[in-house]
Amino acid sequence: MSRYLLGRAGQAVLAIFLALTVVFFLVRITGDPVILFLPQDVQPKDIVYFRHLLGFDRPVWQQYLSFLGGAVHGDFGRSLRYRTPALSLVVSRLPATFQLAATSLAMVACAAVPVGIASAARRGTFVDNIGIAATAAGQAVPGFWLGLMLIWVFGVWLRWLPVAGYGGWTHFVLPSLTLTAFYAAQIARITRSSVLDALGQDYVRTARAKGIHERGVLARHVLKNAAIPIVTVFGLNAGQLLGGAVVTETIFAWPGIGQYILNALRGRDFPVVMVGVFLTSAIYILVNFLVDLSYVWLNPQVRYG
Amino acid sequence: MAVGGLGPGPASTAADAQAHNQITIGIGSEPLTLMGATIVDWTTNAQLENIYDLLFTRDPKTEKIIPWLATGYRILDDKTWELTLRKDVRFHNREPFTAKAVKFTFDYLLDPKNKTHYLPRFKSVSGVEIVNDYTVRVHTSEPFPAFLDNVSLPGPFMLAPEYVQKVGIDYAAAHPIGTGPYTFKEWARGQSLTLAKTPSYWAGAPAIDAVVFSVIPEFSARLAALLSGQIDIMKDVPPQAVDTVNRSGRATVRTTVSSRIDYLAFETLHPGPTQNAKVRQAINYAINVDELRTSVLGGMATRICGYVGRYDSAYDPAIKCYDYDTKKAEQLLREAGYDPAKLTLTLDTPSGRYPLDKEVSEAIAAQLNKIGITVHVQVNEWRDHLDKVINRKAGDMFFLGWGPDLQPIGTVDQLFVGTQTYSGFDDPQTDAMINKSVQIVDPAARNAAFRKIQEALHPMAPWVPLWNQHDLYGVANWIAWAPRPDEKVWMWEAKAK
Amino acid sequence: MAESARWLVPRTGALRRGGRGLPGLWRSRTGTLGVAIVAVAVLCAALAPVLAPYNPTAAQFSTTLRPPSAAHPFGTDQLGRDVLSRVIFGARISLLVGGVTVLISGFVGCALGMLSGYLGGWLDAAVMRLADVQLSFPFILLALTINAVIGAGLQTIMLSLVVAGWPLYVRVVRGEILALRHREYVQAAIATGARNGRVMWQHVLPNVATPIIVVSTLQVSQFIIAEATISFLGFGIQPPTAAWGGMVSDGRNYIFFAWWLTAFPGAALALTALGVNLTGDWLRDTLDPRLRT
């Protein structure tokens, strides 16, 4: 097991390093950031001068090496736009994203899993059809449209909830509803499908034949076996949410990491982009790893070593 | 669907705001730093304007330069400006405002280590000499007639030398101290900036107790916040939304003619049909600017026919607009050797940077299509758009805006000389005229010279001049405040009705 | 993961008695609905010039932003263009984006997945880690870079989706292959000396086909919706081409007072995605051998 852990840790470092390198060179393809910073009456030779001041006239490999040298010490440089250290800027946006992600994931789990199980247990009935239609619809609506509709109805029309921004629990309702709609639909479908799969297994038929109570059958054996795919997709979703739901954060003015990285990309703020990629890939890999570990607990036949 | 009406809800937030005497302004992005004299960015400066003061400022109606922290100036020779400063002004931490602050600010601004965006704009300044506590001399390495104009626009704001030196630049950039009507209270990054009034403000305490700038990036969410009362002021309401806002009972749209101009420039610095002056004139005749103005912008624009805006001191009302005359357009094209039905052009435009820029570009394409020309509209991300223009990779035409356009230096010399960054045009004769005119120190003579230059440019049709845009602000009904042409959102001017 | 990837493929139970192929369609209510919706979308795309009452790109400045009426059942947009015609023509872009991108990313992903699952070893580890890096890559950066290299427009959208989409197929296919590899008939084929390629072609591929087909239909609906998100981010289809996602994104600034600009293309998007989803669910039930008992 410890060999497995070590192996995974090594692979994680490699993956993060790869991601950083690829992104480093790719952002530079999108062009140099200097012109975005300077006033419109800037002279061409001033642009050259500023490029030199900011260090963008050095050969790319030299910029890369100096970036790596700093990154290893946790110094990702200063944000080109904000002029303060990039790492602390981005990290300060994590709590807002994590809180929204946690709220949404909790809502998804509470809503989607029971719906999926109910749908599977009542397969072929009216309840099931409604479930299928609702979940198919939930995945078919563009997120930003839903968000704006919610803002109009609850923020402007009824004025029950604030329109945008980060604050007390009332500010969490609309953004997490918007996120939950999509992910809940996905999880419900997966839950239904994997529970149906598990219900079709031989051991379930055997248990039923033995006369074990339906509820007992479901709870103990089926759910645990059905859980693996659900946990996998849940983990994928968690990784995405923790990395920042860009569209939702933009619509609701949520000061999260997703919107921050988008603005950094638009503003060619390279240091912030690099920190953002570093953090989101680290989060994603960590979540993936936790999901893989959970397999051991859920299905004793899975072994790593 | 009763789109314009508002349903039931909690008690009017306007009343709450009025009771607390606080204005919340909805803004599309957060300030990049709270240190003055560092960044040229409307959002940042609009907020810093309330915390800091400039040496000179602008009259809200006429845009004439008026003394502010400086009480007057004298031109000693063509390389020296002498400024006299106001007495009895203090920074928010009670530090006195003296010549030391002026010197410190300029030193900070010009130091390459600080990489301020004002370095290119003020690079002719070689140093600031302290004559006495309330007099400074600004020395320039070459004649700098635009010095006063540049110093009166945001934002070489005056910084507090003792404070910045004591706490360091990084801390001062997040906890600003200025001489302005509002004092910094709190900055929640990415969310809001909170300011409280400075009762001892030297020009008189502001009427509004507190100002909050609230970041709401998505336009529709910002509009919703205005309609629900969560914010009191927002900029850039689109013309089509004006009715909705005015019917809301909570806010109304107030407009002003902006000092920012929008135009369609011809890219003549690479080979293409637009290098031919007849083609450019033809396109001018083929575009119905008034129709664009009324249908796409809802009338919210003031047409210009020349090459500077209406607030520019060198504005020339004598320049005649090109009429809308499709016959003449077709004729000119044929004279130039082009068959309109076979002509294909590209138009580069940003999206959302200027009011309805993309829609106007699409409309222009549709109008040119009426005489048979095929126009491909290429919508660019803002930075890509700038890149294309700078590197002369734009298509045959590009849409751009320029502002605040208050004087010809910084406008005409930037946009019609081929070596300048954002120019799409070059002509050796007008280049010579421009180079001579930027040196003229006397403003009246300078303006006359630039009017002559515009008259010389007109037959060459380097642009399709469009308009001074109108700035549309959604403002809560309880607030008495009028928008300014120079785009300042200066809450010292606001009060409750 | 070594688990079979069947879980990625949701199943509907609406099909009571397993039937094969199209005759079974009528017995699935949701499946019928799905196929019907997709058929309507395909019809719109194919017959757009015939069906659309107006030219979708003709600007008419005298009738901008009109609400739905008899002359314009879906209203007009900010340049006076008829929204109904634009919605009909928009089907072309959406089906193009959905269909072609899925074909390409599916092909790439499946090929990699098969090689990875079958050959194992360092190739497998490399492909999986590459997929990991790809998935942890911000999609926006991808789109931005592609945009910088080849310019904004349809090609950027499609290329971005292809690059973003292949890891899913790798996962699905690889999972299936890992499960299949140990089946008896495969072992037997290898034992009798069949070459790898032949084994893959004859035995593995037919079994992998089912989940691939169903995952693909899911991807199609996801990509159709993604066009809207990409337009929201600023890399949309160039004007004046009508595209549902672009229309919803452009119209969002008018959403509170010209609701028809987003409502109709949004409904078209949602319905088509729904139809594709339902079709995929029905296909899954029809093609899954385990349901036929």
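All chains are identified by letter, namely A, B and C, in their written order; residue positions are counted from 1 within each chain.
By our rule, contacts are C-beta pairs under 8 Å (C-beta built on N, C-alpha and C of every residue); 3 or more make two chains touch, one makes a residue touch a chain.
A quick note: this is a predicted structure, and the numbers were derived from the prediction, not measured.
At the far end from subunit C, in terms of centres built from Cα atoms, lies B.
Chain pair with the larger contact count among A-C and B-C is A-C, by C-beta pairs in contact.
When every chain is reduced to the mean of its C-alpha atoms, the one closest to the centre of the whole protein set is A. Centre-to-centre separation of subunit A and subunit B, using mean CA positions: 38 Å.
Note: centroid distance subunit A to subunit C, computed from Cα atoms, is 21 Å.
Rounded to whole angstrom, the centroid-to-centroid distance between subunit B and subunit C, based on C-alpha atoms, equals 44 Å. In subunit B, the residues touching two or more other chains are 220, 224, 227, 381, 384. Touching two or more other chains at once are residues 144, 147-148, 234, 252, 255-256 of subunit C.
Annotation for subunit A: residues 31, 148, 152, 156, 266 touch two or more other chains.
Of all the residues in subunit B, the ones that touch subunit C in their complex are 1, 3-4, 219-220, 223-224, 227, 238, 240-241, 243-244, 291, 295-296, 351, 356, 358-359, 361-363, 365-366, 376-381, 384. The part of subunit B that touches subunit A in the complex is made up of residues 6-10, 29, 32-33, 38-40, 112, 115, 117-121, 123, 170, 173-174, 188-192, 214-218, 220-222, 224-225, 227-230, 381-384, 386-387, 390, 402, 410, 414, 419-422.
Listing the residues of subunit A that touch subunit C in their complex gives 11, 14-15, 18-19, 22-23, 26-27, 29-31, 123-124, 128-129, 132-133, 136-137, 139-145, 148-149, 152, 156, 189-190, 192-194, 196-197, 200, 228-230, 232-233, 239, 243, 246-247, 261-262, 265-266, 273, 276-277, 280-281, 284-285, 288, 292, 295, 302.
Note for the complex: subunit C touches subunit B at residues 58-59, 61-62, 64-65, 78-80, 144, 147-148, 151-152, 234-236, 238-240, 252-259. Here subunit A touches subunit B in the complex through residues 31, 33, 35-44, 46-47, 49-50, 53-54, 81-84, 89, 92-93, 96, 148, 151-152, 155-160, 162-166, 250-253, 255, 259-260, 263, 266-268, going by the rule given at the top.
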